[in-house]
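In the two complexes that follow, chain A is the common piece, with chain B as its partner first and chain C second.
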Partner chain A sequence: MVSSLHLAKAGFLSAKKYKIDWYGAFFTPLLTILPVVLLYYLGTKSGLVQFFYGATNTKNIFGYLLLGAAYWNYVEVLWGSVFTLKYYMRIGQLEEIFIMPISALGYIFSWSVLGLVRVTIESVPIIILAILLNVTTFTLIRFILAVGVVIFSIIASFGFVFLFFGVTLSFKEGDELVSLLGNAAPLIGGMFFPVSVLPKGLEYFAYVFPFTWGLDLSRHFLMNTNTLLDVKKELIVLMALSFLYLGLGVLSFKALQTKARREGMQGF
Partner chain B sequence: MKKIFYLAVKDMKIRLKYKFVWINMALTPFFIIGPYVFSSRIVEVNSLAESVMIGALLWYWLNQYFFGVGDGFTEEREEGALISVILSPVSLLAFLLSKSVDTFLMNLYITFFTLIFFNLSGVKLEIHLLFFLLLIISGVYITFFSIFFAALSLWKKKIGSINSTTQFFFGILSGMVNPVEHFPHYIRFISYAIPLTYLISIGRNIMKNENGSNFISQLLILTALSFAYLIFGIWLLRKAENEIRRKGEWETW
Partner chain C sequence: MRRVVEVTNIKKSFGKLRVLDKVDFYVKEGDFKVIIGENGSGKSTLLKIMVGLLLPDEGEVNVLGIDVKKQWKKLSAKIGVVLANERSLYWKLTAWENLDIFGGIYGVPKKERRKRMKELLERFGLFEYKDKPVEDFSTGMRKKLMVCKALIHNPKILFVDEILNGLDPSSTREMVEYLSELNEKGLTVVMISHVLHILPESADVALLRNGQIQMEVKYKDIRSKRREIYEVFEKLIKVGEVDEKDILFSREGYEDKA
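So, the complex of A and B:
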């Protein structure tokens, strides 16, 4: 634990060197949803608002998108540890890092701490706006339930991180997989609109994705939106998928790490 | 020219070693552009989805040039290979142009698969020869536009997140989803200083089969603007290069 914290501190010290890189990150989540917001408000507004009301029980499209962006920020941040792993591969320091007495979980933890701090700073404007826009449906109990849902989503996210970590160690290209899934997830998981809008193939794919259920429940608790299933059933699906993905992730990581250590990890 | 070609071939050969990159490149643009195109489809107006898709596709080309050319020094710098580039008889501008050729080829690959995936999802876009020519022109002009960013990256070392943020600003202000005519006039003033605005507008005119004379004037403004950015970019690149030589910072980042 202490070694992991030292590694996290090293990450902070390196990041401090590049303050300019922080400024841009601050606006990224907001900018991702801005084109869709503009499309709704400057485009054919009435049709879209009607559609949203029918499909989700809310006319607060901006709040809907903001909550989606805040949720994704937290779920996805752990995946950034895979980019750190690839970064050490690229600069030729992976072997030095890996002979330290730190477990894989320790690496993921220490490389995620910086990301979590960063994402919290980035999410401040989004969260404040989301709460302000959803003030009529916001209660403390519902907020706690939403936080619980995010925690389960993060458990599922850990499952993905283990898989990505293993793939990167073994095939060196795990960052490409993270990039692909990180870009696909907001669309498939319903960050921008209900998954029913997606083409059928993608819609079915969305249902095996734990984050679709997590985001749907978070919005329900904070905005009183319609859910895909009955709330209790949906909570069971989310928990089952979260633990399933975590289990699969840990197993695949162990197998891939063993393979990577047997074949040698140097080079990329 | 030969040097640029060899460097571009080198980049392509390296990329051929990594299979996941090709899968990622084929699929990712669909997922990034998808939210904007599918959102516009909610209203069941196909012409809006097409219009957004043209805007988003051209924005994605800019996005790739900003990473490929604008952030063109980062990979070599992190791998400790930038100093070899500096020692070789290749100018920094030629090096960036080779990145541009590489990005252009990747963008063709990306566009091919993106159009297929959207077609399978029910959003069909017929590519005219003129639109294909526009993509080539966009490659050249957005390269010119990206050079100042490469100079900034050389100077400030790590500006990846600024790069991503800027791309979104440019996309939104260029009318990626909404024509710039819908913006207030003081925002339009900024929009018209971005080359992508003209590319998107010309692209939409081409798809509407409008008369070529409608966009000739836009093409002329775009050309003048892009060359102005090229001159500014080269000036900034030289300035950054001299600064780094003076401080001896080629190997630090």
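So, the complex of A and C:
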């Protein structure tokens, strides 16, 4: 794990030198809140917001959307990791990285930590705003529970993404599939509206994503919204998915390494 | 001297292309072994198999007593590898930051790491540039830093892939001198090179041709009073043999596998 911390440090230092990344991070909260304001305004005018009141158990749809947007920034980091790996592959650095004495789990950790820290910094103003809009339901315990849920669901989501990364390398259209899922996931995973209003087929599909459960639970703890299942059962589902996807992600990464060792990086 | 690299009956294909065909190859502790061959002859493939980056289709690879096919991560902490790709360094980071990070990744304790970083940068004439980002380095400086990086954890064997390509004459000479000096101090070196006129006297040259190691000779034996050294190597690489008149010294103890 110490080795992977040093690999993560390389990511931090490199990001520090690309100053544009940090200017971008500064504007991210603003760029996230503005579309939410627009969505809320148009949603209220069109009656869409009122439609969701019943399904969400909150009239604070603005806060509901803000939390969804903040959470989704974390999910975006996951897809970013896939494209970073593909970039390393293209420039030939992945071979050099593979040869280091780092385990599959260590790689996943080191590639994730920079993005997670960055997105946390970016999301703080959004989360504070969402909490301010929910002062009546906010307690420290519920906040801690929400943070715990986010951490668990992000661990699960990283496993899921690495599983997906391994799968997409098996065929040429992998990039397109990652983009498709990355674009569709906010709609299916509950960022804009509750999963329960989706057509049944899509609703069941949404249950496969770990972030669906993470977002649902973190909203519940911060805003007292309805949950998909009983809270205790949902926590168990989230835990189970975390371990399952992390295990599958590590296996997928190992399979990727073995494929790379058999066919060479040019084999992808 | 014990064998620190043992490659036995290795076969490797990419699709229908057979690159290595029953390669047997060994390196003894303290050797300076240079693998030569035409472009596409499989030199880099063989090196990558030795360090664990590629799996052979058949055959066994044992380095420092470790089964490389199964325990390549265990091996990686004991060997230094310089691949041909300069992108193995973090270009936005300084030379010092690069070595600090790689030293950390390879588990070198902080105090020892700093000492070793200073020693290596001084030895390779890079200490005064330690705070410059790698992207501002010349090709020669980057290659020297790549060697520093590969040596940061004090490996027992150094594997080097075409480090001399793209270097000017004086940088080439310097690099060979550095590697030769390290070898004299006990480091085993396995190197792939197309630059053959300036190798260390102690080097052994292994010719990879038609997917096999066809010949192993002492570098100092391949000298000619009749021809330019390049002509001799050109014939050796293309035809797989040299005229007896081009070999000045005895080849006793070396196998001609052709």
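Heads up, the rule we're going with is that the second predicted complex is superposed on the first by the 215 of 268 C-alpha atoms of A that agree within 3 Å, B and C clash if a C-alpha of one lies under 4 Å from a C-alpha of the other, contacts with A are read in each partner's own complex, and residues count from 1 in each chain.
Methods note: contacts are C-beta pairs under 8 Å (C-beta built on N, C-alpha and C of every residue); 3 or more make two chains touch, one makes a residue touch a chain.
Just so it is clear, the structure is predicted and the values come from calculations on it, not from any experiment.
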When both partners are placed on the shared chain, which of chain B and chain C touches more of chain A: B
Touched partner set for A:Ile91, first chain B, second chain C, both or neither: both
Touched partner set for A:Thr258, first chain B, second chain C, both or neither: second
First (chain B), second (chain C), both or neither touched by A:Pro101: second
Which superposed partner A:Ala10 touches (first chain B, second chain C, both, neither): second
Partner chain in contact with A:Leu38 - chain B first, chain C second, else both or neither: first
Overlap of chain C and chain B interfaces on chain A (superposed complexes): 18, 91-92
Touching residues (chain side chain B, partner chain A) in the complex: 18-21, 23-24, 27-28, 31-32, 34-36, 38-45, 48, 52, 75, 78-80, 120-122, 156-166, 168-169, 171-172, 176-178, 182-183
Complex contacts: residues of chain A adjacent to chain C: 2-3, 5-7, 9-10, 13-14, 17-18, 91-93, 95-96, 98-103, 258, 260-264, 266-267
Touching residues (chain side chain A, partner chain B) in the complex: 18, 20-25, 27-28, 31-32, 34-36, 38-40, 42-44, 47-48, 51, 87, 90-92, 171-173, 176-177, 179-180, 183-184, 186-188, 191-193, 197-199, 202
Chain C - residues contacting chain A, complex: 14, 45, 48, 51-55, 72-74, 76-77, 81, 83, 85, 87-88, 90, 92-93, 97, 101-102, 104-107, 133
